[in-house]
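As structure tokens, the structure follows; a few thoughts come after it.
Letters are used for the chains, namely A, B, C and D, taken in the order the chains are written, and counting of residues starts over at 1 for each.
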């Protein structure tokens, strides 16, 4: 392939909201999980973090760890308060008379109050203990309210469960080459009206300064009415392509990054879901094509979509 | 009717996201419930299922069965733990001294803890029993949170409560024939800005290979501002129709399938709702027309929409 | 005014989804609350009602009545079960020995179980009573979950809090007449990107049959970026108007109905809200104009929107 | 700069929904928090306030104050009821016999009932006390439901966490001047498809009456696909600008206000979020430009967005 001068790129550069000067921006704009590689400074932790977003995006393991740790800490705090209110304040039957034994009963009194289980074999026996217990009980109620909200949010958070192929293939296609990758929805949801926007970043020299150039890539099909099977995105490298005439080294020199923005309507959630993804020049395989991923089953009443083949390709030249 | 060669179809084929080769796809793309006939393999159960989607789409009967079964299992697990902590660990009054009687009291202590009802006539009497009970109580609280979220999700899940006529009629219409079906919203909701997209799949031979051809069907009215009464969709079989000149056998040979995608705005939910539906050549009735489904009531202050007539048609030729 | 022949109406009739033949439809398509005057028959109650929609659209008074009645009924049912399990089954201290007194204690045991308050001064004392109580407690938990979901739904239901003027004015405007009504948002919410669609229904004779004709009305402004003050909708009765040349009797003869569909974005809910409204020929006042509804306050730092003036007009001819 | 006659403004005035006559409107239409400076009169408090909107938009401090105050008041009311039912009605162990001591136990019995903690060391001992307690318990359950809904609403309320620069700069730009301000998203959310609408209000004399003129301002970039870094909005003051030829005094005379409406899609919430903002002529700094706000970090794997620089500019002439 011949290298084509940048200034003749047929595609207009587009505004992505990212920096124009290379020195101002990171090497890769999105990581493979679709998160932008941006760090914010000059803000307090509180200001720069939405507690809600943070708690909703944690893994389930981290989320439950936080829940149980908070439960432990709150109960320890109240246990200490009951402990310092003294042995007269809380009525209980102690099997042995040690302070540790008293403290552990205070702790369990706290758990029974916070969860509102309130067996009653331990109960407040003074004005102050009763007051603290009534505050703890309402806090317990509010915590339940928050936990409900968070768990619900985590459940219903609209997500596009779509897997992308590991590689970006350069495939012979209708007499020229084409850049190809594919995606498939992997959950038991139904996506419709899926739309894809593909843009490319090239780091090039312009008037002696290294700048980021953003191009919208034309793809053969950019919208489908039902996104249920795998979908292969095809960018023909013709004279309208910003990388027309490039070879692999050119892409490497320019630190090519492909930014993918997928948008679809989830029929179950009745909501729009989005997914960002990114490929770099290191993901390119030259002269390969994807192996088919779906086929009809034996009696013809279902189409089988085989995810073991999602990343598979065969070398064709 | 004369058969019209496929290659002269005036409508452009469209991209639906389904397979192009017939061998790659099932005979029917959507079932009558609007679910795509796709099966995913090569994924673990966890990976291919969204727990949330699954629990939300279960029938109420299945949903409650799962709730009560889980309740039983969790209580049995905790009952065993209390049982093995021994008779000293939990304070209770046993009417008889059998192990079974002790186990059943452990089970009820568990239910009273998990639901946070906590009567207190059974109460934990050792450190370990208290600890297990405080864990069970917080689990109970979290389960309540999850149950709340799921029940709420099931309630508010935007759905388009629309019934379709059983049959697809071929009706004489303005001098030619037209393909007709009708739909009506059956719940006490109000749909506005309803839009319909109808596409047709024909399985035809092309260059010696059987392929699926997808056509967008033109309909006389494809958008209405208020979808409250029944709505009859009319596709005139004129020279722009992909089945112009077909007879019933042609449709059967080509395993014709009509795919319907309905989109509307639900005024109560303030949300977009969608509904997929599918007809095959077997649903066609030739030379029939639908009987009217609505009429004014006696004093003229309401329009009566009669669902007993939804599927009714009369033979007109 | 001269009567203009219907067939020369410059506006195209539009598809609203309502019936074409007058005998098929009610006199008025929407009532003044924006509900379509449609009744559905041939469906079971369950089938034609979405429980969720029904409970969400009840008034607060009705809603709480249903909540408390259900609470009473469920507790009565469980009270009877405990009652029939006998005096040995539930442990309690009875102040007198009557059956009524026993039943009322059973009832309160039920309320204490269902709400999970579980004081414990009444507690289950047999296997069967314990079992029923553990079922009642989990039902209580699920009812709490449902109540939470419903209350939340009622709170967040996107609604467009917009008031309409009582009358439809025919006002001299730029040398001709114009049809005017006005609307104003009355809650502490902020609506943006408001859009209005006005259509008119006339019942006219066509080929010997009375038919409903639907026209889209052109209005001077049909979209505003911020809907915070009052908004007067102006339809100039020029040669493009379907009622050009009509006098009041013509409108009455044709049972004119104006159907309004308002759509806006609620900044607080971040959701689209809609509102339907309808005027009939009986709401028309001829030769009047609205009095201004808003003005700057004394120190110029706020605009006062006065709702006592919403319906006020003055006769100008 | 030369003053350009208003009537030659190349931009069409636009409909914003605000008043046309200056006397009818406040000096400034939006305050700096993006709230319209409108006050509604002629409505009851209930009618003009959406309880939900009010509770959701309170600060957390105010919200918790209301929660705890309500908790206190409800418990005081029920405490009085139990108190007046008399000492026989509620079973408890009083450490001293004073009325105050009895009242405080009634109060704690109420808190234990309302939160459903129900220890049982205080329990209802008469029909009427039991009845009141069962009503209080169900009210407690409903309050929990409402609290859950409100807390959840407050958490998930779609908000656009975007900061605006304090000043509006007049900056030399491509040979002419341009009006500039900038914005940056400050939370750990990801905004995509951001769109900005900028309009300008000028208070000018027209036919002897002071009127508000609204202009849509053209900006160099009005839509970006990813809004993750800072975004500088540039309005070139060329012959199409409504303030072409103005100097600072003209802007002051006309009480220029810039109204900004930002709309974006929040990938985490999967929802559209909006943000209004407003600048006045007092915020203008002439002959200054913003200092860059982001740069690549040392090893090039992240872009640093520095919020300490958001408001910083340097004088360039």
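Note that in this section a contact is a pair of C-beta atoms (placed from the backbone, for glycine too) under 8 Å apart; a residue touches a chain by one contact, two chains touch by 3 or more.
The structure presented is a predicted model; accordingly, all values stated were derived computationally and were not measured.
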item: For subunit A and subunit B, chains touching each; value: C, D
item: Rotation, 0 to 180 degrees and nearest 5, that superposes subunit C on copy subunit D via CA atoms; value: 90
item: Equivalent interface positions on subunit A and subunit D, same or different at half; value: different
item: Distance-maximising chain from subunit D - centres being C-alpha averages; value: B
item: Mean-CA-position distance for subunit D and subunit A (Å); value: 27
item: Centroid distance [mean C-alpha coordinates] between subunit D and subunit B, Å; value: 38
item: Multi-partner residues of subunit C (each touching 2 or more other chains); value: 112, 116-120, 144, 148, 150, 152
item: Residues of subunit B defined as touching subunit A within the complex; value: 14-19, 22-29, 35-43, 47-54, 56-57, 91, 112-113, 116-120, 122-127, 130-131, 133-134, 137-138, 140-142, 144-146, 148-150, 152-153, 157-158, 197, 199, 261, 271-274, 276
item: For the subunit C and subunit A complex, residues of the former touching the latter; value: 116, 118-120, 148
item: Subunit C-touching residues of subunit B, taken from the complex the two chains share; value: 67-68, 71, 75, 95, 104-105, 108, 111-112, 115-121, 144, 147-148, 150-152, 155-156, 161, 186-190, 192, 194, 221, 223-229, 231, 265, 267-268, 270, 292, 294-297, 300-310
